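Below, each structure is written out as structure tokens.
Two complexes, one shared chain (chain A), two partners (chain B, chain C).
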Partner chain A sequence: MSSKINIYLIKYAINSILRQKYKTFFIVTIFTFLVFLLTSIFFITNSIRYELDSTVDALPQIIVQKIKAGRHYDIDVDKVDEILELSGVSDAVARVWGYYYFENAGVNFSVVGIDKYENQYKNSLQSIVNKFDFEESSDEPFMVVGQGVKEVMNSSYFKEYFNFIKPDGTLKKVNIRGVFDSDTQLESNDMIVMSNETIREIFDIDETKATDIVVKVANPQEVSMVASKIKLMLPDSRIITTQDLKISYQNIFDYKSGVFLALFIVSLFTFFIIIYDKSSGLSSEEKREIGILKAIGWRVDDVLKEKFYESFIISFFSYMLGSTLTFAYVYIFQAPVLREIFVGYSQLKTTFELPFIFDLQTLFLVFFISVPVYVAATIIPSWKVATLEADEVIR
Partner chain B sequence: MMIELKNLTKIYELNTNDKVIALKDISLSINEGEIVVLKGSSGSGKSTILSLIAALSKPTSGEVIVDAKQISKLPDSFASVYRRDNIGFVFQKYNLLTNLSVEDNILLPLIPLNPSQLEVDAKIDEVMKKFEIIHKKDTLVRNLSGGEQQRVAIARANVNDPKIIIADEPTANLDEKLSLNFIEILRELKSLNKTIIIATHDPLFFGLDFIDREIQIDNGKIA
Partner chain C sequence: MNKKSSYVLYIFLGLFVLFTTQVVYLISMKSMSDEMLQKKITFVEVVGLPDLALSTEATYVRHRSLSDVFSIYKDDGSLREYFPSTFAISHSHIYNKQKGSE
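Showing the complex of A and B:
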């Protein structure tokens, strides 16, 4: 037999696929959906992991909090000077921040205070300071809010300003000066940025106190050593390093990816049920066809080649279709429904975009757990029938 | 092409306790170009003889020798090649793929040979013309009448130009007129010096001038 590709065999395989259009449609639909679900899960988790890593990398290297009776208390601002004297410390900033519960919507806002003349501990905050001229704040206090905050406030008719309720029960009116870009970072969606002076008044924090102190270390290799020095100097404090935060974020991520893992297992389980069903036997019509082909002179390997082409065309087409749909679903439509499982650190949904990551490894992985498995599940039962005596099959 | 059956016995084992003896120690020779009718009632063993000659199954004991080659012990892949090169089988129920067109059904035996387009077109056109089915070339087989389906089956059996034609109850599903048409086709094939073996209990085949031999099979034995 000629070693060149047998076009007639391929044509026959395509014809066979088209002949069984309802069965083919069913298999392609299920297969495409499973590939779509699997690749979507991988793509979304990869994108979110990437986004989380970027977020964690932007966090302060060391955070110093005062602890009393196991609880977080405001720290003295003058500790900043003491910390700055430690060797290895390049900068230290006292932060004033807190959570403000907005009862109307049942959500928490993260309120962050900034000082125009201080270096910000975060690039995103620095860009907000640069973009919205905080120096102009004279008599009228103002704030810049995340997209999610803006939407919540709008729905409660606070379009121009917002009245914060202070601990003593009186109101503090703060104008809304602007909104961050919705695609800045995961955490900015529920954030409100205002001057230190305003936030101190809203949360009733004395000028000598701060919520915590963030510390910048010149050499990243020395973070743990500097953290130990601060702990020695301030024994009543809790020192949180980027590494600690990374672990904490990872725990949240792992918890959420558990839900995805469950989806993943369900998808795989469904896929293998189909495969099991397929490999457990051929229909009488399929058996008869193989018997006829053998009876008119097809060899076992001719039958298997035809079945290979048939199953490969179906599974590869479904795989390509599923993967293409995934790209569109995750990166163009931003994975509606599935991403809801992940997003939202606080009660506000974040509106960040899933960054495009062309993950060849995932594409290969999904290919290898779907296409060859399906091809094998088609070929094995066909081989079992093809090796029987033709007379036995067609009789 | 000389066919020799030597002491053929075929036992079908339905399960461990249930066996059917289809053939009992049959010996028979068929000469090249000869046309032989195997006659007998249903279940007499006629179809089993055809199946063994076509290497569709293996005998329990005995030998099938075709052109001095023992084909009863051929491994599966060689048996397929033997069928492809030497045998044209017209089955009782035609065994066509009914959701394929006439042309695609006739093409089937040629596919493993991976022939050129020209070769395929020439062969298929030739047999379709010869067996008067070319006008239905693109029709799905399931939309054909019984007689037309039989013509497709005969065309498929002849597309490889085999030396041996085997027909199992070829007129079982045809009316008398179509059966006589089939007999005329056999006459033509005989003129091409093909060895033809027909298993039938249709009396139309008995006593025909171009039939060389009629062999009665009863209960798995030559009567």
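Showing the complex of A and C:
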């Protein structure tokens, strides 16, 4: 570690950067934009995945659906008893849920039924619902809705209750008893939770049928075994375990997803073009500069050091600027424009308030695919020129 | 050190300070608190359904990890993937995967 950082070389590099104002400005702008684009997408996807992963273990261990003629079909409630007889199964519950299309606003609500007499639900709901009183007029049908649902209903003047249209065309009035806490908005925005009886009435689902069966297994290591036993017992079923859900979460952003690929390809290509342009040769002015430096006594490694400082200052500055902008863009301004790719055009929009994670891995990844490549692209052509004889270069 | 070089150094320093304050602000204000996480977990336990309410245009986008290839056609036989979100969020591949491994 004998060689110290030569402050004069840094000074020379800074002056050299400032001398070529327009070129520097152009490079910094493009470089910052590329870093910004790449990190934004990485940050958004990482935050979404983090959000999904943090709740995946709260999901039912096994979900049993019935498939008939290649479509999902209502399952018989009797199957619960058969599943309960399997060893290892500690609980199995038939549940009813579905989608209600609210034509007036053109949105789909996800409607979920719960057993309203279960204490466990009562306590849980109280902790996540604003202004919720379970006892109040419990004979009237009620529901708890997500914030997005509440807003859509409000805009259609359903402030206290909502009229569901049943399959036979008659109306079912259900009171709105509470709104889910805004902290859960990414999960609860389009959700409606109501009692099983009400939901059966709205969707006209028979008492003997259910949408699917959720199974609880006492020992987590037995989940796959129990799943295969259920598959053998009910060959017409589709079994989804937590493991499957995790796999599914893992590849949520499949790279068939065109937009991502397009963005990546465009940004990487732009970057490669810049690098190609840089490495294909220095301008005659730059060559002359190196020649003069050599003529007045600079060694090859001095020239290379100076070029290294110059490119590193530019690229590191752009990288820092790009990352700073990304943090503000994604987590403070909630990613305008890019968010549309993820949210789509549905009316039930969430606020897109993603949980912040300081993702060092992404920051390093973007650093290593941008800064060293740029530095190399600047140094290699300079080295080619610097190794030539000074008079040859100046002439 | 001349004037120009010190300006550049100050700009660098300012950027570092901005970056650090921003990260500290985001960590303290925007990261998921334990209370928030607990609420989310409680909600998911009550409802028992996977996936986020980010994209809700079609059923196979809303609960994508419960969907299969056929879910796309369940909504409409001639449905093409024209929702902006389906370009980013693909349907579940669990069904195909299981078929392949059997």
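Keep this in mind: the second predicted complex is superposed on the first by the 314 of 395 C-alpha atoms of A that agree within 3 Å, B and C clash if a C-alpha of one lies under 4 Å from a C-alpha of the other, contacts with A are read in each partner's own complex, and residues count from 1 in each chain.
Assume a residue touches a chain if its C-beta (ideal position, glycine included) is under 8 Å from a C-beta of that chain, and two chains touch if they have at least 3 such contacts.
Everything numeric here is computed off the predicted structure, so don't read it as measured data.
*Asks:* Contact-wise, after the overlay, does A:334 reach chain B, chain C, both or neither (first, second, both, neither)?
*Replies:* A:334 contacts neither chain B nor chain C.
*Asks:* Identify the partner contact of A:46: answer first if only chain B is touched, second if only chain C is, both if each is, neither if none is.
*Replies:* Neither partner.
*Asks:* Report for A:59: first if it touches chain B alone, second if chain C alone, otherwise both or neither.
*Replies:* Once the two structures are laid over each other on A, A:59 reaches chain C alone.
*Asks:* With the two complexes superposed on chain A, say which partner A:270 touches: chain B (first), chain C (second), both, or neither.
*Replies:* neither
*Asks:* After superposing on the shared chain, does chain C or chain B touch more chain A residues?
*Replies:* Touching more residues of chain A than the other partner does is C.
*Asks:* Taking the superposition on A as described, I'd like to know which of chain B and chain C A:321 touches: first, second, both or neither.
*Replies:* Second partner only, chain C.
*Asks:* If we overlay the two complexes on their shared chain A, which of chain B and chain C does A:15 touch? Say first, second, both or neither.
*Replies:* Both partners, chain B and chain C.
*Asks:* List the residues of chain A that touch chain B in one complex and chain C in the other.
*Replies:* Chain A residues touching both partners: 7, 15.
*Asks:* In their complex, what parts of chain C are in touch with chain A?
*Replies:* 1-2, 4-5, 8, 11-12, 15-16, 18-19, 22-23, 26-27, 30-32, 35-37, 39-59, 61-66, 68, 70-71, 74, 83-90, 92-95, 97
*Asks:* Show me the residue ranges of chain A that touch chain B in the complex, using the header's touch definition.
*Replies:* My answer: residues 1-2, 4, 6-9, 12, 15, 19, 288-289, 291-302, 387, 389-392, 394.
*Asks:* Considering only the defined contacts, which chain A positions touch chain C in the complex?
*Replies:* Where chain A meets chain C, its residues are 7, 10-11, 14-15, 17-18, 48, 50-52, 54-56, 58-60, 63, 65, 70-72, 95, 97, 99, 107-108, 110, 112, 114, 121, 124-125, 127-128, 146, 148, 180-181, 183-191, 193, 214, 238, 240, 244-245, 247-249, 251-254, 256-260, 313, 317, 320-321, 323-324, 327-328, 331-332, 340-346, 348, 350, 352-353, 355-358.
*Asks:* Which residues of chain B touch chain A in their complex?
*Replies:* Going by the criterion above, the answer is residues 51, 54, 56-58, 76-77, 80-81, 83-85, 87, 89, 91, 95-97, 99-100, 104, 107-115, 120, 156, 160.
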